[in-house]
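Each of the next two complexes has chain A plus one other chain: chain B in the first, chain C in the second.
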Partner chain A sequence: MSEIIPEVSKDGLLDLGKKLFDERRVDYFLGYKKGTVRFKTIPLIARKGEDLQELWVEDFFHANLSLYLKEIKGRVGILAKGCDSRSLVSLIKEGQIKREDLYIVGIPCAGQVDPGKAAKAASCEPEELEEIIRRNQEFVIRANGQEKTLSKTQVLLDKCLFCQYPRPLIFDSLLTGDYVAPVSPVARAQDDLRQKPVSEKWAFWSGQFERCIRCYACRNVCPACFCPRCIVEENMPQWVSPLPAEGDNFVFHLMRLLHVAGTCVSCGECQRVCPVEIPLMKLNEKMTDDLRELFDFVAGVDLEKALPFRTYRQEDPQDFIR
Partner chain B sequence: MEAKPETEKKEKNWEPKILAFLCRWCSYAGADLTGSSRISYPANVRILRVPCSGRVNPLFILKTLRSGMDGILVSGCHPGDCHYTAGNYNARRKFAILSRLLEYVGIDPRRVQFSWVSASERDKFAKVVSAVVADVKALGPNELFQLPDFGQMTKGPTSPDP
Partner chain C sequence: MYRKITREKLRKWLIGLSARAEILVPAKMNGLWTFRLFHNQELPQNFLNSRIPPKNLFFEPLKGLLGWKAADGSFQVNSCPAPEAARVIFGLKPCDARALRLLQPVFTGDYPDVFYAGNLSRTLLLGQACRVQCQGSFCSEVGIDRQDSVDFDVFFREIAGGYIVRVITEKGNTLTGEKEFFEESSAGEWNSAKEEIRGKNEIPLFNLEKVKAGARERFPDEDFWMRVSAKCINCGICTYLCPTCHCFDLCDLQRPGQGVRFRCFDSCAFPDFTKMAVHNPREEKWRRYRQRVSHKFNFFYENFQTVACVGCGRCVAHCPVNLDLREVLLEMAR
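Our next item is the complex of A and B:
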């Protein structure tokens, strides 16, 4: 990566985008625009310079835009938070996109607000939230005419509290701003479930899988899920019944997990979109921890290192094999 | 979620059903040798021959569990002996992750076991199969999932748990 970082201001971003279109460096530009739901933005897929007028980079950019690279073919300009840049690295390694087809603009992220969590902390309904204002180290929440001051840990998405990559790992230019983690990163709390006996684990997970309605939102939102035809839709042979029965949900969730192993960068989108709030990140974290422990592999941080299931070492652990 | 009773599996002389994925070059030949050497091993195991342990997609294992098999054994060549040079090395990585994940979601690791058995290890094959069968017998029947009631399904998709 070059020493000189090409920085661009927020106003400059619009000009940069237009320039990219004018110079035919990109066919599309992916960003965020204001939607109709408060505290959320929707993706903006610009096809020409004028479309960029709607670009919005102030706050609330939860979505991992690398998802849309599955569908969009061509040269793409894209905004990427630090964590999203890991998805881009992953997808480049998987051969889904080419680095030279991308123009990546890194954006500073001060942690993404979780309105549901904020509402809970302010003891009100998410619909009653009127305003969420950032103030240095805390948030001021206005709901039902009352103001409440909440800490960052009470408002931000869980993944942002353990943010390790506030600064994009690959980029072509950076938006001006501070590239620091929203809270000083602490070690992720050890998942209690891992220490429990097998029967309790089953009791927990069967309760979770039972609630799954198989809407496939977790799959659809996942940048790492890029099979053109998903096994859940295959019917000859039929691997998983479309009926949301507990056993099929179990097969679906574990298979989803195994398919993204090595590509999943724990961006947390699957859990964020789950309508029945299955703690999918617990599964993802377990899988990423195992990959690190067994094969010394961390997804999305190194463009050179081989993917864990494309390589092997003779001394790989095999204590589980008779 | 404890075992669901009143299935015939609960009967006193219940015997586990075990599916064994055996590699065509080593373990399958090993199983063959065990038989032709007249070494006896439990008859609970149903053998499925696969070209290589690397052919065993984790999906096969999940699907087998889901369809109610009580135990699974995947067996291939020893590391370094693979007919396709590296099939078992690649398989080993997949199985390492799979077995840890299965344990994490609450499937007893004794239900899904892995082994390396070469074409000449007739005693080892008998030993492995007996050990797996003993483990699964101790665990009891696989009642993790209630299989869909097809009588009900014709009436429309209702809750799988009546």
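Our next item is the complex of A and C:
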């Protein structure tokens, strides 16, 4: 191994960030600071070295910070977990950002906690969870004055159980730590829903989309949803009505799904932030599986491979495009 | 006036009422607490605030207002009727009931809204005392008592095996006057049923008077609003989960020869909120975030002498980026 990895310690991270500002290598630095709600962390958008005092990278850093690259233009320093780095790769490929404008600091991630899932496993309400403590290979949950030991599978976000990229794919330096998947990766079991007849799938998604309140958090938190103006907001003509009715909700979600195909890296933020808990990742996983099978394409894993929807080939199997 | 009822008798009482009215009770659906039609089931214990506020049962997210039809040279417009069927909602929390009262002057003032007024007058509000501090909540800071409230017809406090109830309105008195179900109780019994709330405040207390003053003073401070809104992602979670947000949009659905005018929610977080033909006065995110906070703690207070926030904590607990209203209020109160 001749690769030299510029490692930075947790204490050194603050100095590195300040140095980047001092040397005018970045205009912004995107990190995390301590949350005000249990098991949450706040995205920190630093504009100068002093803003970095609050930098905090201990646990519960769910957010995929690359979402802010839609809005923040210029040279940006950014913390990235392995999975988040795929969004960066994807955005560079899509021409949304330039690699040279980024200073990426990879951060080790031992899997992100899903408090809803943990509460369910501990048979309590998420509100009743007092503490979630990592202990060796398990988690200790304190709720209603009682302690329970839970496994990683019971506590971590589903995406973390199938983590394939614990180490960022691109970076300028790495925070010291272990870059290993939280659990030994197993193949994701295929969703049972896929084997069901269309009528059942339709009934399932009707039930899910019926709850959609059209807050657009799934779209706004998505790094891949970078259109300056979304079609659902067009009103001349109005393609999708703003009414939170089943038909329009269906159109919104399916259109968004197809639109991010090839850019979506399955970071799962859409599902995590959904206030009515629609299992959107079921759709994303189907879409990414189809892309792999039909186009031999996995989003955000290499900077070279051509994008499936940007590539024209004479030998395309479908007539309409030839 | 105080009465008491056993758990089993409460269920039977509601079963009896369901012959005369639609009954809604807390239920967990798809992992979320919500209000669902009562089908004689056991009532849940220890339920928490519904994820979607019960405001939506009074001010609906999707509501037909009028319809029109054109045929053979004639044109007809029909208003949608105001709701009348009697309804009972059990298990409302003090914060959400206060929110319904706060919205009353908005919807029944100079421009009366028959739908909101109709929904309110047809509904018997049965409240229940809180036992757990909800995540992100700061209800006590905005003057809500989690164990007592007069915003209901009847307010329930859970005791072993049943409930002590505080009868507040005449309507509530008539309905709980049925001796078959309710026994008389006393202020003493009511007081001893008061419970300690489980859970703690996550953030230091703030002074509401200072917040109101701060909301006025901070209004022109663009740097402040830019700083606090920087991480906002412009989604509608805080407004759509808010029990007092009430901005709406009108939308026509047209088919050949007919159409319906709907009202649906709108959110000041959206870039197109208040966008007009040639101008958008709130193009920047910080202006829209300022609008949200100012509407609640400045303009609404000016107009109705009360702040339009009940501290339920939904916007705090469910914000994708943990933009904590409490922190903003704390800073305004400084």
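Going forward, the second predicted complex is superposed on the first by the 309 of 322 C-alpha atoms of A that agree within 3 Å, B and C clash if a C-alpha of one lies under 4 Å from a C-alpha of the other, contacts with A are read in each partner's own complex, and residues count from 1 in each chain.
The rule is simple: a contact is a pair of C-beta atoms (placed from the backbone, for glycine too) under 8 Å apart; a residue touches a chain by one contact, two chains touch by 3 or more.
Since the model is a prediction, treat every value here as computed from it, not as a measurement.
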Which of chain B and chain C A:243 touches, first, second, both or neither: both
Touched partner set for A:255, first chain B, second chain C, both or neither: first
First (chain B), second (chain C), both or neither touched by A:108: neither
Chain B versus chain C as contact partner of A:12, first or second or both or neither: neither
Which superposed partner A:312 touches (first chain B, second chain C, both, neither): first
First (chain B), second (chain C), both or neither touched by A:204: first
Chain C-contacting residues of chain A that also contact chain B: 241, 243, 245
In the complex, chain C residues that touch chain A: 30-32, 46, 48, 51-52, 61-62, 132-136, 198-199, 202-203, 230-231, 233-237, 239-241, 249, 251, 253, 262, 264-267, 270-272, 316-318, 320-324, 326-327
Of all residues in chain A, those that touch chain C in their complex: 35-38, 40-43, 45, 63, 67-68, 116, 120, 125-128, 144, 211, 213-217, 219-221, 233, 241-245, 269, 272-273, 275-277
Touch list for chain A against partner chain B, complex: 193-194, 198-207, 231, 239-241, 243, 245-248, 250-251, 254-255, 257-258, 261, 283, 286-287, 290-291, 294-295, 308-309, 312-314, 316-318, 320-322
Parts of chain B lying in touch with chain A, wherever the complex brings them together: 1, 58-59, 62-63, 66, 79-80, 86, 89-90, 92-109, 113-116, 128, 131, 144-148, 153, 157, 160-161
